[in-house]
């Protein structure tokens, strides 16, 4: 299990390849990569991601540990950036490895669902006209009920 | 949409990065990578994958087109190898891009479920003692019912 | 028509494809014709529930008609992914 | 105790953290104390349903007791991923 919280960019392809190389015996690897999406008006300059150092790492650790206890996973990776990001930049990535595809898919979805509303990150969208904090969605809270 | 059937190896990380670079505006990218898994006895030498040239491409195309009609996808990638593969080699990969993570996850699972039992590939496991065709599993047929 | 065999069907019959002239009206009739020819066909087609058939590269069924079909393929259930 | 603010809570209150001496028994009591101090606190805490609280870096609730707590953090619902 590897949990990384950093302001530096990361390379999703390199991370996938290292993850695959490290997971001996698993037939199935699932990744989710989240990218900075432009806003409706199409003029996003920067996304600023704030986090709660200390709590972030422990929250991500708990979520990943919970995933490992629920599914037979050979490995789990969570990377999340903070700081200033630009449209199309990778924000975060999770990867799961398992013998079977169902476990790898479910665990990755579980990680994403919890990460969305249980990891202390906040996003601010900055355009030349001003800035807005991204609001949480009720559905992000609702999806947790399925687990 | 890109469908690739080849005997040459591919690099999952490079494929993920090209896929991400090509999918403007999608916030969510999901990949599944299938690796050659060793067998229970631990002495797999080679996995030989046979396919049905022509039908393979058209079957993968139909499956990917069906996924695009069911979910709002910015892009879909399917790569599948045939020929001789060794333990830990990537066999295949699917990638989906969407604005939302739910669509990207569901479409990737759909692609995998259909690819398992509707794309004309057959796997043979070769050890120094002999060889066995991998049998299909009833559950692989059953999972199609959920779609 | 062209008849193709894959995986262990190919191995049991001993060749990947052959040209067959047949008056068979359905896939099942064609299978009967082939089984009558030689033991290796009978061995390959012993259990049809373990086999799949494609007509002109589309999955089909053993009761499907062969009229107009150019390519028939027999193979075990697929194991992609 | 140490009190931390994140995102728009931090912006409204105007600082990321401060040391507060309080006799408050619960989080809700602490919020009342803060709101009584200055308008910017009242503005930040106007709608508690829009806020979350963590005690010693664990998500908690506004009726939780503060006994033994070293670090309290207030922030809007999280938007990771």
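A, B, C and D are the chain letters, set down in written order, and residue numbers restart from 1 in every chain.
Going forward, a contact is a pair of C-beta atoms (placed from the backbone, for glycine too) under 8 Å apart; a residue touches a chain by one contact, two chains touch by 3 or more.
The shown structure was predicted, so the numbers you read here are calculated from the model rather than taken from an experiment.
Shared contact partners of chain B and chain C are absent.
One finds 26 Å separating the Cα centroids of chain A and chain D.
If you average the Cα atoms of chain C and of chain D, the two centres end up 72 Å apart.
Inter-chain centre distance (chain A to chain C, centres taken as mean C-alpha positions): 48 Å. Among the residues of chain B, those touching two or more other chains are numbered 34, 101, 112. Counting partner chains per residue, chain D shows two or more touched chains at residues 81. Annotation, chain-chain contacts: A-B, A-D, B-C (touch as defined at the top).
On the chain A side of its complex with chain B, the touching residues are 11-17, 20, 23-38, 88, 90, 99, 101, 104-105, 108-109, 112.
By the touch criterion given at the top, residues 4, 6-8, 10, 54, 57-59, 73, 75-81 of chain C touch chain B in their complex.
Chain contact summary for the complex, chain B toward chain C: residues 34, 50, 52, 54-55, 58-59, 80, 91-92, 112, 115-124, 133-136, 141.
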